[in-house]
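Same chain, two partners: chain A is paired with chain B first, then with chain C.
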Partner chain A sequence: MKEHNIEVLERDFQAKIDNDIKIEPKDWMPDEYRQTLIRQISQHAHSEVVGMLPEGNWITRAPNLRRKAVLLAKVQDEAGHGLYLYSAAETLGADREQTIDDLHSGKAKYSSIFNYPTLSWADMGAVGWLVDGAAIMNQVPLCRCSYGPYARAMVRVCKEESFHQRQGFEIMTTLAQGTAEQKAMAQDALNRFWWPALMMFGPPDEDSKHTKQSMDWKIKRHTNDELRQMMVDITVPQAELIGLTIPDPDLKWNKEKGGYDFGEINWDEFWQVVKGNGPCNKDRIETRRKAKENGAWVREAANAFAEKRKLRNTKKAS
Partner chain B sequence: MNALFEYLLRLGDDSLILGHRLSEWCGHGPILEEDIAMTNLSLDLIGQATSFLKYAGEVEGKSRNEDDLAFLRFEREYKNLLLVERPNQNFGATMMRQFLFDAYRKLFFERLVHSTDSQLSAIAAKSLKETKYHLKHSSEWVIRLGDGTEESHEKMQSALDDLWKYSAELFYQDDVDEDLIENGIIPAVDAIKGEWDVLVRNVLEQATLIIPSNNWEQVGGRKGIHSEHLGYILAELQYMQRAYPGMKW
Partner chain C sequence: MANKEWPLYEVFIRSKQGLSHKHVGSLRAADEQMAIDNARDVYTRRSEGISIWVVESNSVFASDPNDADSLYEPSNSKVYRHPTFYDVPDGIEHM
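Entry: the complex of A and B
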């Protein structure tokens, strides 16, 4: 293609973005826009699928039948989100198998929060309340993302996430109003998940290498620090409401900014977990890799059967 | 002993324990679509268990609810089939276990719908809809894997060889059943054996699998004599209720 043409295409593309017209799979788009989206959407898909594991860890031990059914439904929703996100990535030309192999080889990332272990039933509450809460904060703006298929997938995902967040908060509320043991269990879960949940928004704005371009392309609508501040401001009163304490001695209402000031995040821990040194990184990937490996014979057999059936049908027809 | 209570435990425990086994797959399925499908099966079964055990508690009249019954009995008091407590092993074995059970459950619910007991009939009507879908899903996988590759065929034949001896218990009948059958509350399960045979043989034939010649029948679950596996299932299932007695969750 001539350079002149590319300039025209780029100008038209940016005009669409500026006028809030969605980019659709068959539209021309700059290669970096495509790559950025593939990276982000497949990371998001992996996060949903790896995210099934810490909660799946408590399904067989859920304390009653209702909680068991709700948890099953929730983890099933996450698998469903994984599916539509992989499909959204496919509309950009990504190959689902290749994307999954990249996860297993460590090339592709997923949300670091899932590298923390779920150690008690209260963690099902904390994960729903804080982790899904942070996910919603990140994802609601994505419903207005410039790429059509991703934006539309997010509309449905957000509806379900909001149910997840509420059920998590309901678990925490029940525990906080329960016996001393239950309250301690809830507080311990909050202590362990608070800081990792704040890290979910990614590095501080000055260290975020993708933010500016993503905002220009309207893939992203708020910076990491803006979203983190929103999360703190919404969550602190919720904790107060149920009588739990946010594990941050520096947390203080700042009247001038109309938000909370909060303590420093341990970014060293964040980068260590991203690099693979979290408590569960190896286990999570190993579990997913094994699921794929143990299922290889099933997929081969299903393909072989489909081939045989096709052959039989052609024979019958002729 | 209240026969209806005892019978409801049998139905509830079948759903509960099989639902538990299926839930162990969550996050480990061979493909994401099947992860979702198995979670769905599990959800349906946990729902059925809830209905049957809730009703059992009402029938018993000792103010035990569905959670008390699901989480606070001892091993010998569980009345599920031995088949449903068999370990998952691999996806093929899980589908074979599911198929043998679904075929029986579908035929059973089709008759239980006509129960003179309106509660049972209502639970059966809802469960039948679910079970028809379960049977379609498990039959298709049995055929696909049985007639897939050499490896998958071997795995499915070995699953059938292992599980076949537990299928006789599907039609187990004793004095608990007698009065209930006479009063039209439950169907006689021995009467559906013939139809089950036809259904199962038809699918296994399409799957190119051979019913084992060893026709030994392993029973015990209905009387509370289980395999060693059940104890471990209960250790997980009951953990929270045993560790923190009497709390609300």
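Entry: the complex of A and C
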């Protein structure tokens, strides 16, 4: 294509974005916009899928039938959310098999929160309350993302996810009002998940290399630090209400800014986990790989059955 | 056969009797029946539908966004196709 044509296309594209007109799969888009979205949407999809593992760990050990049914429904939702997102990535030309293979080879990333272990039942509470809470904080603005299929997937995800956080907070509330041991268990889960949950919003703004461009393209609507601040401001009163303590000695209300000041995040730990050195990175990927390998015969059988059904239907028709 | 990639299906759901089927998303499946079964699991977990259509994505032929001007522009100048174009004298009701 001639150079001035590209310029015109790019100008028209940005004008659409500036006017809040959604971009749809067949519309022209700059290659970097496409690549940024493929990377972000597939990482998001992987996070949903890997995110099933820490919770799957507790399904068979849920304390009662109600909790078990709820946890099952939640994990099933995450699988669906993974599917919506993989489909959205496919509309940009990403290959489904390749996308999943990139996760299994370690080439693609997913949210590093899922590389932390879930050691007690209270962790199911902390994960729902804090991890899903942070995810929702991220995903609500994504419902207005400039790319149509991603925005529509996010609308579905947010609608379905609203119960996820509530069920987590309910678990925490119940434990916090229980025996001294139960309350200690809830506090311990909060202690372990608080900082990793704040890391979920990504590196501080000054170190986030993609933020500026993503905001110009309206893929992102808020910076990492803005979202993190919102999370802290919303969550602190919730912890206070159920009598749990946020594990941050520097946490204090700042009247001037109308929000909390909070302590330094350990970014070394964050980068270590991103690089693959978190407590569960190897285990998570190994589990995913095995799931794919062990499911191969099921996919094979489904193909054989589909063939057989087709044959039977053509016979019936003739 | 193990490595054969399943075709992509577009999923349409009728949310209740009297409404048309509406596109909700897509999924991969070995055949149409499996696509229906999976669509039921993925897209109707909260009573979103009472009827499902699946169409293989390859079968959808779509208009080209580059043709949008020539396809849709001509109707912009034909405002007389809308009832608001016409003057109706005061005192006339139910028209």
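Criterion: the second predicted complex is superposed on the first by the 303 of 318 C-alpha atoms of A that agree within 3 Å, B and C clash if a C-alpha of one lies under 4 Å from a C-alpha of the other, contacts with A are read in each partner's own complex, and residues count from 1 in each chain.
Heads up, the rule we're going with is that contacts are C-beta pairs under 8 Å (C-beta built on N, C-alpha and C of every residue); 3 or more make two chains touch, one makes a residue touch a chain.
What you see is a predicted model; the values in this text were computed from it and never measured.
Asks: Have a look at where A:Y147 lands relative to chain B and chain C in the superposition and call it first, second, both or neither.
Replies: A:Y147: touches no partner chain.
Asks: In the overlay, work out which of chain B or chain C sits against more residues of chain A.
Replies: B
Asks: On the A-aligned overlay, A:D27 touches which partner chain: chain B = first, chain C = second, or both, or neither?
Replies: A:D27 sits against chain C, while chain B stays out of touch.
Asks: Just chain B (first), just chain C (second), both, or neither: which does A:Y84 touch?
Replies: It touches chain C, and chain B stays clear.
Asks: Does chain B (first) or chain C (second) touch A:T287, or do both, or does neither?
Replies: Touch partner of A:T287: chain B, not chain C.
Asks: Looking at A:A69 after the superposition, I want to know if it touches chain B, chain C, both of them or none. Which is it: first, second, both, neither?
Replies: first
Asks: Quick one: classify A:Y116 as touching chain B (first), chain C (second), both or neither.
Replies: The answer is neither, since A:Y116 touches no partner chain.
Asks: Taking the superposition as given, does A:E300 touch the first partner, chain B, the second, chain C, both, or neither?
Replies: Both: A:E300 reaches chain B and chain C.
Asks: Looking at the overlay, what does A:F201 touch: chain B (first), chain C (second), both, or neither?
Replies: In the superposed model, A:F201 contacts neither chain B nor chain C.
Asks: Quick check on my understanding: which residues of chain A belong to both its chain B contact set and its chain C contact set?
Replies: Common to the two interfaces on chain A: residues 73, 76, 80, 83, 296, 299-300, 302, 304-305.
Asks: Can you list the residues on chain B that touch chain A in the complex?
Replies: By the definition above, chain B touches chain A via 20, 23-24, 26-36, 39-40, 42-43, 46-47, 49-50, 53, 66-67, 70-71, 90-92, 143-145, 147-149, 151-152, 155, 236-237, 239-241, 244, 247-249.
Asks: Report the residues of chain C in contact with chain A in the complex, numbered from low to high.
Replies: Listed in rising order, the residues of chain C that touch chain A are 1-2, 4-6, 8, 24-28, 30-31, 33-34, 41-42, 45-46, 62, 64-66.
Asks: Quick one: in the complex, what on chain A touches chain B?
Replies: Touch list, chain A to chain B: 49, 52-53, 56, 59-69, 72-73, 75-76, 79-80, 82-83, 86, 121, 171, 174-175, 178-179, 181-182, 287, 290-292, 294-302, 304-305, 308.
Asks: Write out the stretch or stretches of chain A touching chain C in their complex.
Replies: Checking each residue of chain A against chain C gives 24, 26-28, 73, 76-77, 80, 83-84, 87, 90, 96-97, 152-153, 156, 160, 296, 299-300, 302-306, 309-310.
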